[in-house]
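Which chain is which? They are A, B, C and D, in the order written, and residues in each are numbered from 1.
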Amino acid sequence: MPRIRSAESPRKPDHPPTWRDVCYEIIFEADTPAGKAFDVALLFAILASVLVVMLESVASIEARIGQTLRIAEWVFTILFTLEYILRLICVRRPWKYALSFYGIVDLLAILPTYIAPFLPGQAHRLTVIRALRLLRAFRIFKLAQMLTEASALRHAIWASRAKVTVFLSVVVISVVIMGSAMHLIEGPDNGFTSIPQSMYWAIVTMTTVGYGDIAPQTEVGKALAAIMMIMGYSMIIVPTGIVSAELAQAARKPLTTQVCPNCVREGHDIDAKHCKFCGAEL
Amino acid sequence: MPRIRSAESPRKPDHPPTWRDVCYEIIFEADTPAGKAFDVALLFAILASVLVVMLESVASIEARIGQTLRIAEWVFTILFTLEYILRLICVRRPWKYALSFYGIVDLLAILPTYIAPFLPGQAHRLTVIRALRLLRAFRIFKLAQMLTEASALRHAIWASRAKVTVFLSVVVISVVIMGSAMHLIEGPDNGFTSIPQSMYWAIVTMTTVGYGDIAPQTEVGKALAAIMMIMGYSMIIVPTGIVSAELAQAARKPLTTQVCPNCVREGHDIDAKHCKFCGAEL
Amino acid sequence: MPRIRSAESPRKPDHPPTWRDVCYEIIFEADTPAGKAFDVALLFAILASVLVVMLESVASIEARIGQTLRIAEWVFTILFTLEYILRLICVRRPWKYALSFYGIVDLLAILPTYIAPFLPGQAHRLTVIRALRLLRAFRIFKLAQMLTEASALRHAIWASRAKVTVFLSVVVISVVIMGSAMHLIEGPDNGFTSIPQSMYWAIVTMTTVGYGDIAPQTEVGKALAAIMMIMGYSMIIVPTGIVSAELAQAARKPLTTQVCPNCVREGHDIDAKHCKFCGAEL
Amino acid sequence: MPRIRSAESPRKPDHPPTWRDVCYEIIFEADTPAGKAFDVALLFAILASVLVVMLESVASIEARIGQTLRIAEWVFTILFTLEYILRLICVRRPWKYALSFYGIVDLLAILPTYIAPFLPGQAHRLTVIRALRLLRAFRIFKLAQMLTEASALRHAIWASRAKVTVFLSVVVISVVIMGSAMHLIEGPDNGFTSIPQSMYWAIVTMTTVGYGDIAPQTEVGKALAAIMMIMGYSMIIVPTGIVSAELAQAARKPLTTQVCPNCVREGHDIDAKHCKFCGAEL
């Protein structure tokens, strides 16, 4: 199949579209009425199937309509399986799709129902991973703008990665050392049974979650915990400041250093073609 | 009534004000002494009536002065009913007022007392919705400035809506998946009785509230919870950064809304004298 | 005493300093060696006296050295009383000092010990209000810079007061309405005994403190609580963004709009006296 | 040994490297293949040894493979001791290294194992201080960039130190006064047994950790606690704003460190060609 075309769009403009081209357009694109209708229907199906799994996990509801919910789950799974197979058939490079993020999520969304009967427990509830498919929603509601924003956000976080890594390293090392110190100070009798357990407590405390299932009992332990709390409370400042500054930086309208050849004034925008003071061409 | 005038101001400058005009000025406006006095009195009445409902809900106080409080509640309700009727009478377009935000709040503030006798329980306590009427206070204390600020704030949040939607989607999907995972790992014996219950726990944990009524007991559950805490703790960074940057942006270089008369493009600086795209004079 | 001089500085440069002038300099100023020594000694005395009250409140320590601590408390109180009298004597306008913030704190710091014997309970422990006197420390350690910063901070918060008031109003009204709703939904059996109690719970939840002494038990209550948590978690964004933007605004180096008369270029700092490009006088 | 060379680099370019030079390069530098291999191996050894101590503290694991873990701990300790001795030998100024931050950490990382046998309890678990050695990791992964970022961060925090000190003073004084007030209001019967204990509660509350092991029971106490929570919740705004503004500031207009040769003043812009104060050429 040596025809040159993009992996994603199988339609060739110079011949009438085959059924696979039509199928591709409906399933993968959202800019035709049929494509949009398909995506909206899919979105509701995903929401409904996630809801079914949730309701099934509630004992009182399961006792009443458990049979119905199990049937619904199988119906949704079979529908999603057909959709998955169709996607594999009508895309030009099936492996590329199958190994992409969405391809893997689509597979994981149907697998648990099929495997569950052979596994003990409630393995079929793993199907809630279907919730990840909701990310497709961004594409449907003309959310191109949103994706740009998401990418601006991702860029700001990416630009801050070095600072954030330094920050996270300090947090992790603090948790290890503080957790061990509390294990030695408080001891197993006060709930700090092991270093990992104490590290769990340290994370609960530094993130200000504070369940209270484990709490220091001794004076020294309380003093150390108080210091950790203030540290944890203050630490959030640092990454917040970093990302804020990065986003503010990104949002700042860049100026060129170009000088107007006519009035010798500066401060022109990157996209300026004429001096904003005298109108001469730049 | 085909006279052309604004819906809000029924006063016609060319004839002596009728009693409805005077009434309108006192009740709806706050720029005459009578109008301001009315608004301040109303504010105190609202505060007092909210306080009455609150006190009535405290068993020990209700036992002592319950009778007085019930009478006070009826007095306030009748006063607010009279006020509501007056508002309907003296405004030019009653339906527009009745269906506006404040009109609905004003109605909801009196309804519960009338309906409560026919309902079981403590339905009349819904009158605390009166607290919403306190929002009128902004108008009284020359808070025009405040409203501008509120609107600047609303604008910054609105400008960030795409980023915030992306952020909230990620939070919701995380809560669904993490909640389900914890339900499978911890199971009903440790308090994670169903997926909705586990999602409640996931929200309590990610927002760092941490009641501790449900807490992971197994090692794997604790490890996953620790990851969720750090995620939740870090996530607050993102929207904070977004809104900060947006507000900083708003506070920065103002652009004029002027459009170039030649090329009809926007985005010119306040100090621009020529269009930066085509050089035409602005 | 009609001599014209400032209320604070009683020293007249044209005659030898009286003992009151010397006393004033030592007690009120910190720029002479004696004045600085006095301030440092005072700081340690305050810290020690606060520590004494703290230790006295610990039952096990009180049982052992209670007598010593009570004597120490009286010694510190008498010392601070002498200091207070000296301040009154050597300052030129005693009433102005007595009614200033520091004057009132200085009085409140000694009163409890004297009144306590006539009151039941542990009233003398109110002497910990002495801790407020530590604010004087700012003056001692050449913290003039710090005070400038504190004032920059106060200014940024002051400039944001309208936005912050709007924000706090929304929070208070949310707490009243959400608290009442939870009181109706959960009822006294689940700990939401009254509206004030439920408002306390609402504040504990929205600020993400989350003690867990009161927590929703019903499904509807949990759903509403989850919404409140996300609201409270998100709300912190708003004032943070406001103050950040305000501070960033304040920190921005202001430029003049002045143009160099020689090279016609802009972008000069407020404090510039010469053009930074060609060196011509501005 | 009067040869003039830097304390850190003992290699002289004009004679063949001695074994100490080679040893120095491998242990202290990371820019040769051998040096990098050594650093990566060291990193894994540190991680493994921290993991060994952690696992040993878990009772169930200790019961099964305790003997193996104790042997592993001794092996790692002996390896790190050899490494410490080698570092002392091959560095030119051993005392400077021994007294540097990393030198002290390297010593503290091996001491506990040797001293523990002579001490009661689990003192050897102090070896987790080895986790601090992980900070060396920054050097290995070409993290020079990261260190620059870390230093930018440190600089922003340092530049905010005055504001942060003012902020922390206010927090500490609030904690002392609020803690004492709650001790008087709630009393020992509700868990507020002493002032230090109440201060611990105040910190737990203001940082929004909220364990719930101590919580106010009286109405007045709850009201005061509610105020403290809102204070604590709002306070985080202040330092966040400060550091954000400082970082945004740092990211903005860079100044040169150039000093005017004529008037010896600083603060010139990067693009300045003439001193903005006196006009002299830079």
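Throughout what follows, a contact is a pair of C-beta atoms (placed from the backbone, for glycine too) under 8 Å apart; a residue touches a chain by one contact, two chains touch by 3 or more.
Values in this document were obtained by computation on a predicted structure and should not be read as measured data.
Looking at chain C and chain D, the chains in contact with each of them are A, B. More C-beta pairs in contact connect the chains of A-D than those of the other pair, out of A-D and A-C. Set against the C-alpha centre of chain A, every other chain centre is closer than that of C.
Remark: chain A and chain B have CA centroids separated by 29 Å (rounded to whole angstrom).
Note on chain placement: the centre of chain A and the centre of chain D lie 31 Å apart, centres being C-alpha means. The centroid of the Cα atoms in chain A and the matching centroid in chain C are 42 Å apart. Multi-chain contact residues of chain B (touching two or more other chains) are listed as 196, 199, 208-212, 236, 240, 244, 246, 248, 271. The touching residues of chain A, when paired with chain C in their complex, are 208-212, 240, 244, 248, 259, 263-267.
Per the touch definition, chain A reaches chain D in the complex via residues 162-163, 165-167, 169, 173, 176-177, 180, 183-184, 188, 193-197, 199, 205, 208-212, 215, 219, 222-223, 225-226, 229-230, 232-234, 236-238, 240-242, 244-246, 248-249, 257.
Across the interface of their complex, chain B is touched by residues 50, 53-54, 57-59, 121-123, 125-126, 128-129, 131-132, 134-135, 137-138, 143, 145-146, 149-150, 152-153, 156-157, 171, 196-197, 199-200, 203-204, 206-213, 236, 239-240, 243-244, 246-248, 250-253, 267-269, 271-281 of chain A.
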